[in-house]
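Two complexes, one shared chain (subunit A), two partners (subunit B, subunit C).
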Partner chain A sequence: MNALSPTPSRAYDLNFARYVYENIDGGERLRMCMQCGACSGSCPIGQQMDHGPRKLFMMIRAGMKEAVLTSNTIWNCVSCYNCVVRCPRKVPITYILHDLANLAVREGFDAAKKADNARFAKAFMWSARKYGRTDERLVTGIYYFSFGLVEGMKRGMGNQKIALNMIKTKRMHLGMPHAIKAKDELQKILAKAQEIQDRHGKGA
Partner chain B sequence: MEKKIGAYLCSGCGIGEALDFKALEGVVTKEFKKPVKSHECLCGEAGLAVIKADMEAGEVTLPVIGACSPRVMTDRFMFPGMTPIRANLREQVIWSHPAGDEDTQMLGEDVLRMFMTQATKVNTPVPYTEGEFSTTILVVGGGFAGLTAAREAVKAGHDVLLVEKKATLGGHAASWSAIVPSKPPYHDPESNPLPKLIEEVKASSAIRLVTGATVTKTSGMPGKFQVELSHGSTHTVGAIVLATGFRPYDATKLSHLGYGASPDVVTNVEMEAKLSAGKVHTHAGAAPKSVAFIQCAGSRDPNHLPYCSSVCCSVSLKQAIQLTKADPDVMVYVIYEEMRTPGVTEEFYRAAQEAGVIFMKGRASKVEGRHGITVTVADALLQQDVPLGPLDMVVLATGMVPNSTDPDAPAQEYGAELLNADINPYPTEGDYKPAASVPPGGSLLNLQYRQGPHLPMLADGFSDSHYICFPYETRRTGIYACGPVRRPMDMGEAHEDAMGAVLKAIQVIRNAAEGMAVHPRAGDLSYPKINLNACTKCRRCTVECPFGAIDEDEKDYPVVNPTRCRRCGTCMGACPVRTISFDNYTVEMLSSMVKAVNIPDEFDEKPRILIIACENDAYPALDMAGIAGHQYSSFVRILPVRCLGSMSALLISDALSVGYDGVVLMGCKPGDDYQCHFVKGSAMAKERLSKISDTLKSMQLEVERVTMVDASIADSARLPKVIDELVAKINAVGPNPFKGF
Partner chain C sequence: MSRTLTYYPGCSSQASAVHLDKSLRAILPPLGVQLRDIDDWNCCGASVGHIEAGHLANSALSARNLANAKAAGPEDVVTPCAACYLNTHYVNESIRGSEQLKGDLNEALGVVGKSYDGSLHVRHICELLVTDVGLDAIKAQVKKPLTGLKVAGYVGCQTVRPFANTERANKFDSYDDPTFLDDFTQACGAEALPFKMRTHCCGGSVSVMSPDKGLHLIKELLEEAQKLGADVISTPCPLCQTNVEMYQPEINKRFGTSFNIPVVFYSQLMAVAFGLDPVKDAGLDQNIIKSDKLLGM
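The block that comes next holds the complex of A and B.
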């Protein structure tokens, strides 16, 4: 474990909440949350979340750091921005959830490392860094095989039909992965982004 | 001056097309032998000129205007020194009944008969203006509300006598460290305005300050109150502003929230003292690092204060902001069930959120520990019980108890039972059943009134009559409450309240001096006159008067205090021997109006139903029904009364004995949530109605013939349906056998 944020020892110890206010992207608006629940009510995939955003935010205040950073809420957000549009207190909920996911990874929570979306994001970033674009075969491959050899084979075979159809309709190609022209330019952009993030201690 | 009646009929607004004017004029000339003139637009210059010409020529002194409702065109039909009689031919005849119809015509003629009869029965009122009237305002209580009232009264040109029980001015508020913001942007606590206010009041030569004294006796009436103070002086004042404020709820009763068990469990008032003293310390002397506020400590709790004190949420917000400002590291929690931020205090709630205060929705179920206190919270947002702690301090947000009695004075036995009956005379059916009891302590003003020394109170002990319709009114005319003795409020509200009460006081001073009534019959010059030769000393008038205006002399005869009177006529309705009357309003007048109507015999199949309508809500609602074009049975005859309380039970038997088939009383809602403009007039009418069944039985009449209907000002669409249903119901009973006798 690589603890960046303080770990509260008791209920409603505000050290973790204050860390989130100061270090998480959009976190400074979180203190204005009035627990109305418009976010949880608006979420199209709230059913697939351990806790809705409203409750998650209250758990942050209650100092339930581990429960927050190991919940699937922070990974299952699909960035539809329904909640952000509707929040009466202008809390950028989507940003906060994504940056909490980031924090969870950086703190080394097992649940975070093993989260479905974390594996996919990792594969996506690898391809983006390497080629400047996503290569469907490699991204899905890396993602599938992150579950292990047997699981990777099983998932790959399961999607065979889709893959063939994609090739047929030229949505996927065989041969070497395509790369963008000025790959070094993109890498400079990514490096700059990383630098900004490190400087501010915040994501994006 | 001899009374000369003349009728003026308006054929405008469609009245001329809907009714047969020849027949209407015939009613006036043949039946009443009075002159009549018709005009196509009576409220226009030409129409008014006709009336004015007759009046100037001395041919007419009392015009009867058969046109629109008396509630409209009042400015047009206003003549110097007199009020014309208005027969409502528009709203309640042609707009609510079919044009050219035989029954509509009969209704129109009967309306004219009723009001022509009224004109013959009224006399020009002679107002009560005897003796000297004082313009001084007595302000009882030298706290924020009282000081503001004193200052504002002086600004308006009145002398003030300010009486404060304590030796110093300022009351509770003098020790507040800061106050809840009352000005935009409502973001930060404001500095306490008390020191400046106290200086202003002390510097004013028009304010006579008496500190360390209480009022020991109050007698008289508006304009001539005689007040005795505890140090022996006596004063005459015109009106009284009651600003005795509140006391915090006794926290020793809150041991279940840890009060008393730990010195670090304090009330919001004690916290305020710590904030005023400078840095906040725990009992052990350390600066607190974690503080929890428990809201509704003893409030909205049937075992303690059943009501919401409205300010405790804002006060906790303020103290929480003050704590976080003093030390940003301190963890501040507010445990609340509902955060109540009246007015724009919502902005202040945001400010507390910005400051990082944590709001926990839920109930504090347990408070344990002497140091390092743990509060167990049934957290509604996390849906689990949360042990909150260790906390360095816990603040109990306790509510306000009104000083509607003086807790330091001995309780008075006399009058308590009267007050008890007044607090909650008609308990409601719902869950909220406050125990009606006189708060401990002596009366504030020791009123020398027949109805006892206390000021009437609401069920929760606040001295008010109706928050919305008649704020500041204590049900004792000329005595106006402001500040937290009236209802729980913060200082911004108390400031406005003080100004409101002062304005009411000035109104009563001015009106009383001219013999005029105050709200709601503002300007009425009549007042009840009692013929003591006929009086049986039954005391119903002295007991039933909603405003305690009638006292008893040493021989038990009633004595009217005219400027206390609000002219509702409840005494007139109560009197079993009809010996109470107003110059322009008597039982005899009402009875004559009822009898003026032509009652067709039973073979005509035209029943007649008398509606006795309160002119405050029921009558205008019926007008609005006409304006909206709602039609209702033309068998009804509407008799407006000042208040249903002024309806004598004899009026009902009179109506039935002349052949009306039924009587409907239409008035404001009585009871705990009354809408009666005279507080309990309609309740009295209901009471009288409950006793009328014996009379009906003795007349061999069915009880269904007499009904009471609650009507509010918003009932214009409902009342026509109610009327039609009642007409059908009374019709089903059959014609009144007294017809034709």
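The block that comes next holds the complex of A and C.
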């Protein structure tokens, strides 16, 4: 495990809250959270989360690092930004959830390898890095087959009709992926950004 | 008076939302706006890039676009895509607010001899239409009013959240009860239904990757639109349009419903109302569920 935050193996890590305040994108605003629950109450998908954002933020304060980074809350966020605009303390909740998800990926938690959103994000960035553009066919294809050959085939077949409709309406093309001209340039920029990110030991 | 702005079409303009791009390129010139694409633009990272790449690398995607945009000129950058707007606007504002981030991103851009100073203004095309173009100019272009067409205006999330009500978005509308889309509908001569689900989420990319988690959200939207007797649902968001349209057969299968409601872009409605070609300009042939009523107008 490539641990970035302190003492990764302890269930309660009292330094975790400090780590989040100082290293997570928007994390410093979390100090302002007054546990009102406007975020959890605004969440369209809250019922499908292990914990709403309000509870997750209290768990951060309690140092429950592993429970936070393995909860499905960080993977189920639909990025609707309801909570962000409603938070009376201006906590940028969506950004924090995304960066916590990234932390879970970087720390190599098993849940972060299995989560739908992590698999999808991996496929998505693969396309963005390789071609400079998102190829919806490749992203969904790679995502489906990340569950294994049989499951990939099943998911692919299950969405055959949707794909056909998209092809028929010329919203999915059949040729090579759309790509930018300066792929090499973009890859160099991204590699350097990654290097700086690692140098900081955090998400900038 | 015509003016040229820098245009960021986004990846969906070449795939699931070709008809958004097509109809915008048709309606904007008559409204006095010429588009000049960002040279060799790349993906913005959408809602998931951050999770895999991290904050800085994800921001670097937008930084390259901004550097290329600035190299072409100081004009405002406009984009029709909710996610492109969200990311590009956010990174631009973050660069303006943080010397550290500006330094880091310029260090990354520097490896290929590029740089960006944070001086551009990144805007959503809907905001441009509201603030700069104005409803009167839109109405002035209407040659075929869409009389009798009942439209449920579905705004979605990221077009208005979290920026619509900020200074840098010219406070063009509110987060929870935006009216701009209904204004567009009415400007086209159609009827704007009181669609109270206008800012409810369709599940975004979560509906794409995990339909089990998101389809009930889309079902609720469709139920409300059906109850109101909507002829079409109109939306500004590429992913909303695709999700709400393509999943209708699957939703019917899972929930025993019988939805078959066309979902179009506001710009397609405008193209038809402006008297432009319904196929070549409005791209109505690219909707999976066709609106006979709209096609017959």
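We take it that the second predicted complex is superposed on the first by the 178 of 204 C-alpha atoms of A that agree within 3 Å, B and C clash if a C-alpha of one lies under 4 Å from a C-alpha of the other, contacts with A are read in each partner's own complex, and residues count from 1 in each chain.
Methods note: contacts are C-beta pairs under 8 Å (C-beta built on N, C-alpha and C of every residue); 3 or more make two chains touch, one makes a residue touch a chain.
Predicted model, so just to flag it, every value in this text is computed and none were measured.
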### Summary
Partner touching more residues of subunit A, subunit B vs subunit C, is chain C
### Message
For A:S79 in the superposed arrangement: first (subunit B), second (subunit C), both or neither?
### Response
second
### Task
Examine A:A111 and indicate which partner it touches, taking first as subunit B and second as subunit C; both and neither are also allowed.
neither
### Message
In the overlaid three-chain picture, which partner chain does A:A67 touch, first (subunit B) or second (subunit C), both, or neither?
### Response
neither
### Task
In the overlay, answer first, second, both or neither for which of subunit B and subunit C A:I167 touches.
neither
### Message
If we overlay the two complexes on their shared chain A, which of subunit B and subunit C does A:F120 touch? Say first, second, both or neither.
### Response
second
### Message
From the superposed pair, tell me which subunit A residues show up as contacts to subunit B and also as contacts to subunit C.
### Response
none
### Message
With touch defined as at the start, can you tell me which subunit A residues reach subunit C in the complex?
### Response
25, 44-45, 48, 76-82, 84-86, 92, 94-95, 98-99, 101-102, 105-106, 116-122, 124-125, 127-128, 132-136, 140, 143, 161-162, 165-166, 168-173, 178, 180-182, 185-186, 188-190, 192-194, 196-197, 200, 203-204
### Task
Using the touch rule from the top, collect the residues of subunit A that touch subunit B in their complex.
10-14, 17-18, 21, 31-35, 54-55, 58-59, 61-62
#### Entry: Residues of subunit B that touch subunit A when the two form their complex
331, 333, 350, 353-354, 356, 358-361, 379, 381-382, 386-390
### Task
Going by the contact rule at the top, pick out the subunit C residues touching subunit A in the complex.
11-12, 14-19, 40-43, 45-57, 59-61, 63-64, 100-101, 104-105, 107-112, 114, 157-158, 161-162, 165, 175-176, 200-201, 203-210, 213-214, 217, 242, 246-247, 249-250, 285-288
